[in-house]
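Please find one structure pasted underneath; my questions will follow.
All chains are identified by letter, namely A, B, C and D, in their written order; residue positions are counted from 1 within each chain.
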Amino acid sequence: MFVLVNLKAYPADPVSVAEAAATVDGTAGVDVAVAPQAADIARVAQTGAETWAQHVSPVSHGSHTGSTLAESVAANGAVGTLINHSERRLTLADIDDSIAAADRAGLETVVCANTPEQIAAVAALGPDAVAVEPPELIGTGTPVSQADPEIVEDAVTAAEAVDPAVDVYCGAGISTGEDLVAAEELGADGVLLASGVAKADDPQTALEDLVGQY
Amino acid sequence: MFVLVNLKAYPADPVSVAEAAATVDGTAGVDVAVAPQAADIARVAQTGAETWAQHVSPVSHGSHTGSTLAESVAANGAVGTLINHSERRLTLADIDDSIAAADRAGLETVVCANTPEQIAAVAALGPDAVAVEPPELIGTGTPVSQADPEIVEDAVTAAEAVDPAVDVYCGAGISTGEDLVAAEELGADGVLLASGVAKADDPQTALEDLVGQY
Amino acid sequence: MFVLVNLKAYPADPVSVAEAAATVDGTAGVDVAVAPQAADIARVAQTGAETWAQHVSPVSHGSHTGSTLAESVAANGAVGTLINHSERRLTLADIDDSIAAADRAGLETVVCANTPEQIAAVAALGPDAVAVEPPELIGTGTPVSQADPEIVEDAVTAAEAVDPAVDVYCGAGISTGEDLVAAEELGADGVLLASGVAKADDPQTALEDLVGQY
Amino acid sequence: MFVLVNLKAYPADPVSVAEAAATVDGTAGVDVAVAPQAADIARVAQTGAETWAQHVSPVSHGSHTGSTLAESVAANGAVGTLINHSERRLTLADIDDSIAAADRAGLETVVCANTPEQIAAVAALGPDAVAVEPPELIGTGTPVSQADPEIVEDAVTAAEAVDPAVDVYCGAGISTGEDLVAAEELGADGVLLASGVAKADDPQTALEDLVGQY
C-alpha cells in the first residue's frame, strides 16, 4: 500500500514531516512518501524520505519563467509527481505533456481526477497511476472510502478497463489506518492524504497511528 | 546597477551560474542576483549568490497544491521574486495578491509588464520595482535599449509619475556591459537578462565581460 | 447616473429585462443599459435597450475559436463592454489588449477591479470607465455603498489621480434607488447591478423602483 | 459525411457563409453546419443553416459573467457545440462539465483533441463525437489526411475501443472534396474546416467545390 502525504502550502515543517515519513516507511508493508513545495524538495529529499513533487509543468528545457521543470525537481531528489490535482488543474493537452515531461525526467506519475469517467480519461494517457479525489470531500475529515465507496470501486473498474497496468489511488478525507484498510478493500493500491497528517498536532504520531492501525 | 539573471527552465547548471554570479557580484558597483527554478533555490542560495524566485503564487498558507508559496522560497534562501513575467502572466488581482504574499514573506518584488502604460498600472500596486520587457524582443539578442529606447524612457517616466519610490528595470535582449550602460543612461536602475548568460558557452566569462565593460 | 444591469448567466429572460430597461431608460436622468450573454446581444439590442457585452477577448480578427470578438458583439448591436469582471478575470496584458480591441470596434469600456489600488492600475490603461466591486459583497444584497463606503470614495480618488477623464462606477449588492443616491454621493458616476434586477420576481418593477426612488 | 465550418474570429460575413452552407447542405449526402461567434448565432440560425457554437462554458445558470451559457446558445438557435478546440483548451474537469452543460441544453457535442491518446481520453467522457486535429497543421492548407493519415486512423481505432457510439471527425488543413473523401477512407465520420472556406475569396464556391468533388 502506497501513502502519499501532500504537504500543499501548509505551515507544517516539511523536514519534520519527512523525517517522520522516513521513520514509518516500510512498516506493515506501507510505503510512505512526501510531496512538499518545490522549493523544499532538496531539503526533504536529504532526510531520506521518498520525495514527490506536487506538480510539474508541461514543458521541457527552454524559456519558461516560473515553470516547474520536471528535470529540476528530479535533480533535487524527487522521484515522482502529482499531476492535475484538483487544486492545480491542467488542460487535457497539458496533462499529456506533463506526463511526457515527467517520463523524460524519470519521475513516477500520479494523475488526479474527480470522477470514474475522468479516471478512465486520464488512464488513457499512460500514467503510472491515477488518483480519484472527489473535490467536495478534500479537507473534510470524512474519508472518501466511507462517504462515497462506489466512486473508488468505479474508478478501479474504469482504470482497469482502460489499462490494467495503471495503479489506482484514492484521496480526500483520509487520515486513519482504518481508512487505509477500507481503501485497499475497495481495490485501491494507495492513498493520497494531506491535512490528516500535515495539520496534525504531531505528524509523527499521526503517521505511526496510520500505519499501526493498518 | 542591479542585474538579475533569470535561469528560466534552461539546461544551464544553476549552481555554476550562481557561483559565477557570486564571484562578480559587487564589481564596479553592479549587484548580480540569480533566479533559478524553485526546486533549485536551496542549492543556489548555498553558493552565497543573491537568490531570487521566478514567481510566487498569490496565496498564503493553506490548501494550494502545486503552488509556489512565498514563505517556502524565502525559507530556502530567496530574497526576492519576479512577478508577472511575460512567460508567467497573472490576472491583475493575482499580481496584487502575489505582491502581498511576497511582502509577508520578506521578499523584494519586481513586477514585469510589456509597455509603459502597463508599467504605470503595476507601479500603482506598490511593488519595490517594475521591469519593462517587450515580449517580442525576449531571447532575440537585440537589446531593448537599442531596439526600442523610448519604451525604457517612457517606462521610467510612467513609474516615476505613479510612485517615485519604485525602481525601474528593463529587459529583453540584454547581454553586454554596453547594454548595461545604455539601460542606465535611459534611466533604468537595473536589468533582467537570461539567455545572454544562461545560454552562454561560459556563463562565468559572460558575467565577467558584462561587469567588466560597465 | 449610469446603471448597467449585468444579466450574467441568470435564467431571467434577457428580452424582458431589456424591454423593462428601455422603458425606464432616461427617467430622472438615469441611463439604463443591459449586458446579456453574447449569444443574446442581437435579440436584446433589437428591443432598443442600450446593450453591452459582459466581456470581449483580447484579440482581433484571426484564428481564435471560442473567443468573443469585439467586432462581432458590436456588429450585433452592443455599444460597450465590461472587461475584467471578477467572474472573468484577465491578465494585465489581456486587459490592455481587450481595451484596445473594444476601442477598435467602437465599444465603450468599463474595466472592473477589486480595490482602489487596482482601480488606479486599470485607470492607467486608458478605459472609458472603471468599476470597483469588492468580490465578497457581490450577490449579497448588502450594498457596497453601505458596507464599505470608503472603498468607493478611495476608488474615485484613485482614478481621479491617474486620469480625471475616467468615469468611476461601483457595484456589489446594489438594488435600490437609495443605493443609487448613496453611490452618487460617494462620487460614483454609475453603478453595476445584477441579481437585484435579474433575479427579482418582476425586473420591470425592480427597475421602476430603482429609478423612481432616485 | 458531416462538415463543420468553424468561422473562428475571421472577418468573413457569417450570414453569407451560412447562406452558402444552407444552399449546399444535403448535396451528395454531405451535411454542412456553421460555427460562428456566439454573438452571431442568432443571425446565422435565421438563415436556416445548421448552426453550432464554437465553445460552451462548464457552467449552468448562475453568477458567471462573460461565460458562454449552453442554454443561451441553444435558445438562439445553435444545435451543437465544439468543446476543447486547440484554440480554446479546457481543463479535463471543465471538458466534462461542458459536455454536461451541452447535454442539459440539448446541444450535440464534438470534443477536440490533439492525438489518438487524447481522443481516447475525451471519448471516455461520453461526447457525441470527437475530433482529432494536430495543432501544427491547423491553418496550413496541408490536409491532415495527407500529412498524417495514421493520426486519423489511430484516432478512429482509439475512439472505437473506448466507445463505438462516438463519431470521429478530423480537422486541420482540410479544404477540398478530395480531402473529404480521404478523411472518409481513413474512417472519419466528418471533418472540421475553417480557413479553407471562411478565408476563401468566395465561400459559396469553395463549399460547392468541396461537396461537388465528394
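Throughout what follows, contacts are C-beta pairs under 8 Å (C-beta built on N, C-alpha and C of every residue); 3 or more make two chains touch, one makes a residue touch a chain.
From a predicted model like this one, the values you see are computed outputs, not experimental measurements.
Asks: Fewest touch steps from chain B to chain D?
Replies: The distance in steps between these two chains is 2.
Asks: Quick check for the class: compute each chain's Cα centroid; which one is farthest from the centroid of chain C?
Replies: The most distant chain relative to chain C turns out to be A.
Asks: CA centre of chain B versus CA centre of chain C: separation in Å?
Replies: Computed value for the inter-centroid distance: 36 Å.
Asks: In angstrom, rounded to a whole number, how far apart do the mean CA points of chain A and chain C lie?
Replies: For chain A versus chain C, the centre distance works out to 43 Å.
Asks: Quick one: report the Å distance separating chain A from chain B, using the average Cα coordinate of each chain.
Replies: So the centre of chain A lies 33 Å away from the centre of chain B.
Asks: Give me the residues of chain A that touch two or more other chains.
Replies: 86
Asks: Give the pairs of chains that touch; include all such pairs.
Replies: A-B, A-D, B-C, C-D
Asks: In the complex formed with chain C, which residues of chain D make contact?
Replies: The contact residues of chain D facing chain C are 6, 8-11, 36-43, 53-55, 57, 59-69, 71-73, 75-76, 78, 82, 85-88, 138-139, 194-195.
Asks: Of all residues in chain C, which touch chain B in the complex?
Replies: Chain C reaches chain B through residues 84, 86, 89-96, 113-115, 117-118, 120-122, 124-126, 158, 162.
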